[in-house]
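Each of the next two complexes has subunit A plus one more chain, namely subunit B in the first and subunit C in the second.
On to the complex of A and B.
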């Protein structure tokens, strides 16, 4: 698993590539966790996960996402994912993760819905 | 171990998506054994695969740990709101969903889990266990 993070206006865009399974779920959690802290600053950034490069995810990865979604909901902010590959989309559908977080077809769609400022910056490159 | 199973699925002509589903089921089954059968750590796991006809793969996973029947695990309620939805329980759920047939038996001092996969397109999943108002 590999990851990278970009702060675009009020959105933390986290890209995850590769596989999130039993072996890499801990590393995945370490990537997500710092973004869940309530730093006291208001408003807290929205979180969008770009999963375009994610090829495989097991229940261990979904567990991390579920905990993150609960934390974000409790803080009253958005957690969303975008650009799921078909196999990952199937896993999300089967496990009804459409009820856990918001799923966007593309990163652009996600940014547009979450923040017009972030969408404009993304479009400007 | 996972690569071994998915390699056999590939040899049988399973499509890429179905191979990922076989991998998912195999990984979840193995992680469950590590968690429940061998809670203290190491232990032996044996995997035997056989093909029955070209498009079917049977995977038998055997361990010698604590007796546990993964099929006795409750089916998670996936339709409740996020705040009260439980975090775990998806591993066995995926095993059940991805395999065409799952069977558990305790044989002498071993847990034996048998997963059967056919090279099918994944079925559209419906939560048949949920009842309105519960």
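On to the complex of A and C.
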């Protein structure tokens, strides 16, 4: 599993590539965890997970997503995922995660919905 | 080894509603498209080959009760409402005059797993012996049955039963030899505690793991489950919820998920994964959809590994 993070205005855009299963779920959690801290500053950044490079995910990875979603909900900020590959989208549907997480077809769609400022910066390159 | 499912539903027995029966009839008639059936065999063939399982049969509504064969005496897992129908069969087979011996392995003592006993005729017949095995202490197991058969719950009190009833606590750290089976237990995560069982006989392995909430963040629990399931021919697993339900609104309700069962069984090298303890709110179509989705999930995450997946149903029989 590989990851990268970009701060775009008030959105933390976290890209995940590769596989998230029982062997890599801990590493996935370590990537997400620092972004879930409540630093006391307001407003906390929104989180958009770009899963366009994610090719494989099991329940171990879905659990990490749910921890993140619960933490963000408790802090009153948005968390969403974007750009699911077809197999990953199927896994979200089968596990009913499509009903409890906000999913956008593309990163652009996600940014546009979460933050007009972030969307503008993204479009500007 | 033969496995016969007398009850597969979770939490509470359910019956098909009049509305659902009507809908099933309507679906069957639509599929018949006005055709005429010359013989009873033609009709049976149409039912078996054209009408989907969820319409012609369904998954049933009795709570947990499973029979294992062979054995000189009877071997059963849990005493849910399905036990009533098993009792009817043994009474028809043996009548009241031929004493029998029964070995019951109890996952735990929650109501849906014991509610069949008052309706199991052999307990009222002197000469029969009922062995009740579990991981819980005998006084705790007996108290649950006594409470169930006392005022105001049931009119025939525990002390009026005719059969000899023997409670035995089985330790989790060794193998037990009972009625031809080698049996091990494992602790599970469930309110009040529950136990999974691993039965081995003639080189075949069956695991019964119901009423267990698998905490994905608990690596030790995951490794223990995989070790317990290792290379089993058949795993009967608590697949009551979707994963999203299990980790959100139904967290800590004591049950697991269809996809968690796939992940554990694939890693353990299980040959056949059977989903069990069906959510009572689910109708036959919903359960059938879950079966198809679970198979698809296994196809995606299995990456070429082959594992048979079934949804258990009342009266299902599996030969291992």
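Everything that follows uses one rule, which is that the second predicted complex is superposed on the first by the 125 of 125 C-alpha atoms of A that agree within 3 Å, B and C clash if a C-alpha of one lies under 4 Å from a C-alpha of the other, contacts with A are read in each partner's own complex, and residues count from 1 in each chain.
Keep this in mind: a contact is a pair of C-beta atoms (placed from the backbone, for glycine too) under 8 Å apart; a residue touches a chain by one contact, two chains touch by 3 or more.
None of these values were measured; they are calculated from a predicted model.
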When the two structures are laid over each other on subunit A, do subunit B and subunit C clash or fit? clash
Have a look at where A:99 lands relative to subunit B and subunit C in the superposition and call it first, second, both or neither. both
With both complexes superposed on chain A, which partner does A:56 reach: first (subunit B), second (subunit C), both or neither? both
Of the partners subunit B and subunit C, which touch A:90 in the superposed model: first, second, both, neither? both
Touch test for A:22: subunit B only (first), subunit C only (second), both, or neither? both
Please work out whether A:66 is in contact with subunit B alone, subunit C alone, both, or neither, and reply first, second, both or neither. both
Subunit A residues contacting subunit B in one complex and subunit C in the other 21-22, 56, 58-60, 62-63, 66-67, 70, 87, 90-91, 93-96, 99-100
Per the touch rule above, subunit A residues touching subunit B in the complex are 21-22, 55-56, 58-60, 62-63, 66-67, 69-70, 73, 86-87, 90-91, 93-96, 99-100
Touch list for subunit B against partner subunit A, complex: 16-17, 20-21, 23-24, 27-28, 31, 78-79, 81-83, 85, 87-88, 90-91, 93-94, 97, 122, 125, 127
Can you check the complex and tell me which residues of subunit C touch subunit A? 216-217, 222, 242-245, 247-248, 257, 259-260, 263, 267, 293-294, 296-297, 300-301, 303
Any idea which subunit A residues touch subunit C in the complex? 21-22, 56, 58-60, 62-63, 66-67, 70, 87, 90-91, 93-97, 99-100
